[in-house]
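These notes concern the structure reproduced below.
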Amino acid sequence: MDYQGLIEEVYHEVQAENLKGKVADYIPEIANVDPNQFGIALVDLKGNVYGVGDHQVPFSIQSISKVHTLTMVFNVFNTKLWSRVNVEPSGDPFNSIAQLEYEKGIPRNPFINAGALVITDALCSKFENPIDQLSEFINELAGETCVKINPDVMNSEKNHGERNTALAYFLKSYKNFNNPIEEVLNVYFSQCAIEMSCVDLAKSFSFLANDGFSIFADRQILSESSARRINALMLTCGFYDEAGEFAYRVGLPGKSGVGGGVAAVMPHKFSIAVWSPELNEKGNSIKSIRALELLTDKLSFSLF
Amino acid sequence: MDYQGLIEEVYHEVQAENLKGKVADYIPEIANVDPNQFGIALVDLKGNVYGVGDHQVPFSIQSISKVHTLTMVFNVFNTKLWSRVNVEPSGDPFNSIAQLEYEKGIPRNPFINAGALVITDALCSKFENPIDQLSEFINELAGETCVKINPDVMNSEKNHGERNTALAYFLKSYKNFNNPIEEVLNVYFSQCAIEMSCVDLAKSFSFLANDGFSIFADRQILSESSARRINALMLTCGFYDEAGEFAYRVGLPGKSGVGGGVAAVMPHKFSIAVWSPELNEKGNSIKSIRALELLTDKLSFSLF
Amino acid sequence: MDYQGLIEEVYHEVQAENLKGKVADYIPEIANVDPNQFGIALVDLKGNVYGVGDHQVPFSIQSISKVHTLTMVFNVFNTKLWSRVNVEPSGDPFNSIAQLEYEKGIPRNPFINAGALVITDALCSKFENPIDQLSEFINELAGETCVKINPDVMNSEKNHGERNTALAYFLKSYKNFNNPIEEVLNVYFSQCAIEMSCVDLAKSFSFLANDGFSIFADRQILSESSARRINALMLTCGFYDEAGEFAYRVGLPGKSGVGGGVAAVMPHKFSIAVWSPELNEKGNSIKSIRALELLTDKLSFSLF
Amino acid sequence: MDYQGLIEEVYHEVQAENLKGKVADYIPEIANVDPNQFGIALVDLKGNVYGVGDHQVPFSIQSISKVHTLTMVFNVFNTKLWSRVNVEPSGDPFNSIAQLEYEKGIPRNPFINAGALVITDALCSKFENPIDQLSEFINELAGETCVKINPDVMNSEKNHGERNTALAYFLKSYKNFNNPIEEVLNVYFSQCAIEMSCVDLAKSFSFLANDGFSIFADRQILSESSARRINALMLTCGFYDEAGEFAYRVGLPGKSGVGGGVAAVMPHKFSIAVWSPELNEKGNSIKSIRALELLTDKLSFSLF
């Protein structure tokens, strides 16, 4: 398969479509990013890396980091985790608090904010230096030191963090939060502020395309079965209230972030990361999603 | 692959687990079915059929027929369909009316009742004898005359049909219903009353495992791309508010019915139908789901 | 008290304010009414009638008739009624179906549509010719033959009745509906199509200001205690999701209709009816509510 | 009117009914109160005080203090307040966060927790020593130094305050919260921890029965019109999701607290406070509500 030719073709077709969205504006560091940037990186199972456009420019991966923390935590708690967070699509916006009330403090899934806060809380229960250990873990997955936590983004997240703080207190009121709230939120805002390039991000997702084995870390990260389960979760819950649409149009397990990145995997074939800052109404990168749709069309395969 | 050995192994393991659920009790014809029945049929891409247990006993496929009607309608309307019904998981029970109100008469997906009523309404707009043509279509997919509409079930559905009637009128109030309500409901209740065996059901789903081509009908039923999309929809929306759980545990696109049946596909490998009447709390067959979970564990592959 | 002077003063002040709203447009008979009409009629406890503006012009009283049917039914069933319908403000639009689902088929109160349908169903259980008997009852309350059911309005209601039909089927699915749906809906649409003038409407509400005794019918219509309870219900639930606002601004028990009418009472003082077709965003007559607000300000009393 | 005889009669009848509820158990100071206590105090417009049972025992007034803070704040901000908080009944439990989300950070009314937090936030914006000034204000209304803030209750509220903290952060995320959260919550938890007897509480509500003039403070506390409006708000919103039921059964404006107290007024007649710790399912004192129902039945008047 000529992956390099493929992603270049996709890249140019998407550019020609001249899609317009809206950069996330809730924190200045993301609002001020050059909106025209666009990059794609694909990593096959042998570890070959293909890239086009701004694929080496670090960007704020935001919610994509929720896959990395879930991986760390899932490895420790395994299915016990599901007593604290569910595995169902939410049908509501990512930061909804209403559903959390109806479901008595058990978040719908680990990728909406409430669920991700539970995961980060679990991380803080088992790792002494959660931020450092998360960075090291992602560096290991990518096979090189690549993670940088942007302190300005981190501080901005904190200063706009009232809603996540509300979610944390709300979880605590349901006894579904064990560590000091400020400490967990610091980790949470830090993980949101991680910056990586498409290349490194695609490498860090490679084990999910490879039955849990990372060719870059050269070790089994998760059991085969657990890796499959994380993929299932990404497929049903990885794109907020656009998960069904993404499954329908693209058909790959993936996770998006408000910085405009999307990381996805085609199991037993490749992992891929796409980045472009302009978002659609649902908060997903308009060019990234279009690129992935074109890619699966051209490959004429997807999961399905 | 020794599919016969595999499904027998699964069959016996499930039987040994002695799982208990509750037969649906809203209509007598289903409430009075022998709850201990259990069958599995698997059809590979060459058309070989494997079966175990009560795989040749006809049962009420109920909501599984929503996949057949969607296929007929999708072939006619294609993506125009999505202006009338969405493609997102619902997170609510299958017969919820609240969500329909919040979303102004556009059902969440074609598999919850409101969405299925829209699909049946669309069917009535394009097919003159919708019930006969649906029966013929399924017979063609199965490669033999197998569909029987049980008139007692149909009448019982009608007599307990207030909620579906409410949904139909509600859709009409949003101008999302075009044909006379009673006519559409007759078709809807008839499709719910279809009886088939696991063998025939698995055969009728075979084209979805085979990029849209039915080996039994010997023709392309849907385009490859459309077949993939129906699989995506089944994965994200096929099991009511347990879709995430099914994707997580089983990882196959499928559709369940309140009669205890589940039909699913492993794309490019096989289609499968499992049936056992006792249901879990979410209304899905407890043995059928367990069987599919064991099957994908043993195969150690799924979509993901 | 110079009631005539008072309502004239109110009338002229409201006219001078030049308030603009929007006539209800869902049925032609109401949409085509002259929007500039405005009338006030007040009836004191001695039966003296005061009027200004279009107070003798019959108009479509619509939902105000829900007070009349509730009175008939409450007299028969008394507190047993509250097992079928609640007495709490709804906080939702008058025709919401979502709340009905959350609360398992028990409508929030007798003045939202779902609750009024239950009341009309109860009416049909106890009265052989419910429409005739309702008309006679209102005529008796008004002390003269005044009720006319407009057949065009009735037919239009029926033709736009999908949502109410959906509510009726939904209630039936919860076993909270006893008579044939079409029959009850006919009564319901007929009561909505009643036409009366402000004068007759104010007279028909007079017993609620007078501890249950109607000076026009010359008999005790309801017990004192029941009359107080209907007033309490009107205060907390009489204005859809604007009940709190009306209590806050006006402070009288009352009921509005989408035709632009409002009937209200000041217990132990007077009953009053105001009519003007243009509505605010919540569906209540903009001039009628303003008139009542000015009136209680000028009187410097209200309930409170 | 023999008010002393009346409340004694009511007291004995309620005692004879042997009603059983459940003491609030979320903080130990309230959970450990003697559940059999029961007192009534009534204050007429001349300032005469009538009492029976435990009417002189101080108890935790909890949410009843929301009327006192609203009075202080309403005097300062007047109708500008209603841009930050609505005046509609909520139909949801007092501490619901879902409704706040649907309505974009504008609480339904000043008596649910979210609304009361906005009021306390407004209090902190205008009063330098809000707690001291609130205590002084209530003392003035009662005509004597009676307010004690129980530090143990205050600390327990704080330690169980996650949900209120979540509400505060959630309000802040909608820019409907101006002061430091911890500071406002301290005031909020303090006001909940106020202890007063029925006698003093009834005296502190006297101005609401007297067109805004307090006979004990010997001054106009609120304009007549504002006093009426607070009464209207208490009637429609004073009893959480039981407001309609209370209006229906009792028909007086009032406010309840989870400590088992209820304060109410009969405009132009009297104010009254009743206390008994055991609560019904909706969180209102079972004996206090029954006492008020009997009282208005015996008087055969209410608002209506």
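Read from first to last, the chains carry the letters A, B, C and D; within each, the first residue is number 1.
The rule we apply is simple: a contact is a pair of C-beta atoms (placed from the backbone, for glycine too) under 8 Å apart; a residue touches a chain by one contact, two chains touch by 3 or more.
Everything numeric in this text was worked out from a predicted model, so none of it was measured.
**Student:** Compute the centre of every chain as the mean of its C-alpha atoms, then state which one is farthest from the centre of chain A.
**Tutor:** Result for max centroid distance from chain A is chain C.
**Student:** Which one of B-C, C-D or A-D makes the same contacts as A-B, at least in over half of the residue pairs?
**Tutor:** C-D
**Student:** Measuring centre to centre with CA averages, how many angstrom lie between chain B and chain D?
**Tutor:** It comes to 55 Å between the two C-alpha centres.
**Student:** Taking the mean of the C-alpha atoms as each chain's centre, how many Å separate chain C from chain D?
**Tutor:** Chain centroid spacing, chain C to chain D, equals 32 Å.
**Student:** Which whole number of Å gives the spacing of the CA centres of chain B and chain C?
**Tutor:** 48
**Student:** Please output the residue numbers of chain D that touch at least 2 other chains, ranges allowed.
**Tutor:** none
**Student:** Mind giving me all the chain pairs that touch?
**Tutor:** Going through each pair of chains, those in contact are A-B, A-D, B-C, C-D.
**Student:** Can you check the complex and tell me which residues of chain A touch chain B?
**Tutor:** Within the complex, chain A contacts chain B at residues 86-92, 99, 108-109, 224-225, 227-229, 231-233, 235-237, 241-245, 247-248, 251, 253, 267, 297, 300, 302-304.
**Student:** Considering only the defined contacts, which chain A positions touch chain D in the complex?
**Tutor:** Residues 96-98, 101-102, 162-163, 165-170, 172-173 of chain A touch chain D in their complex.
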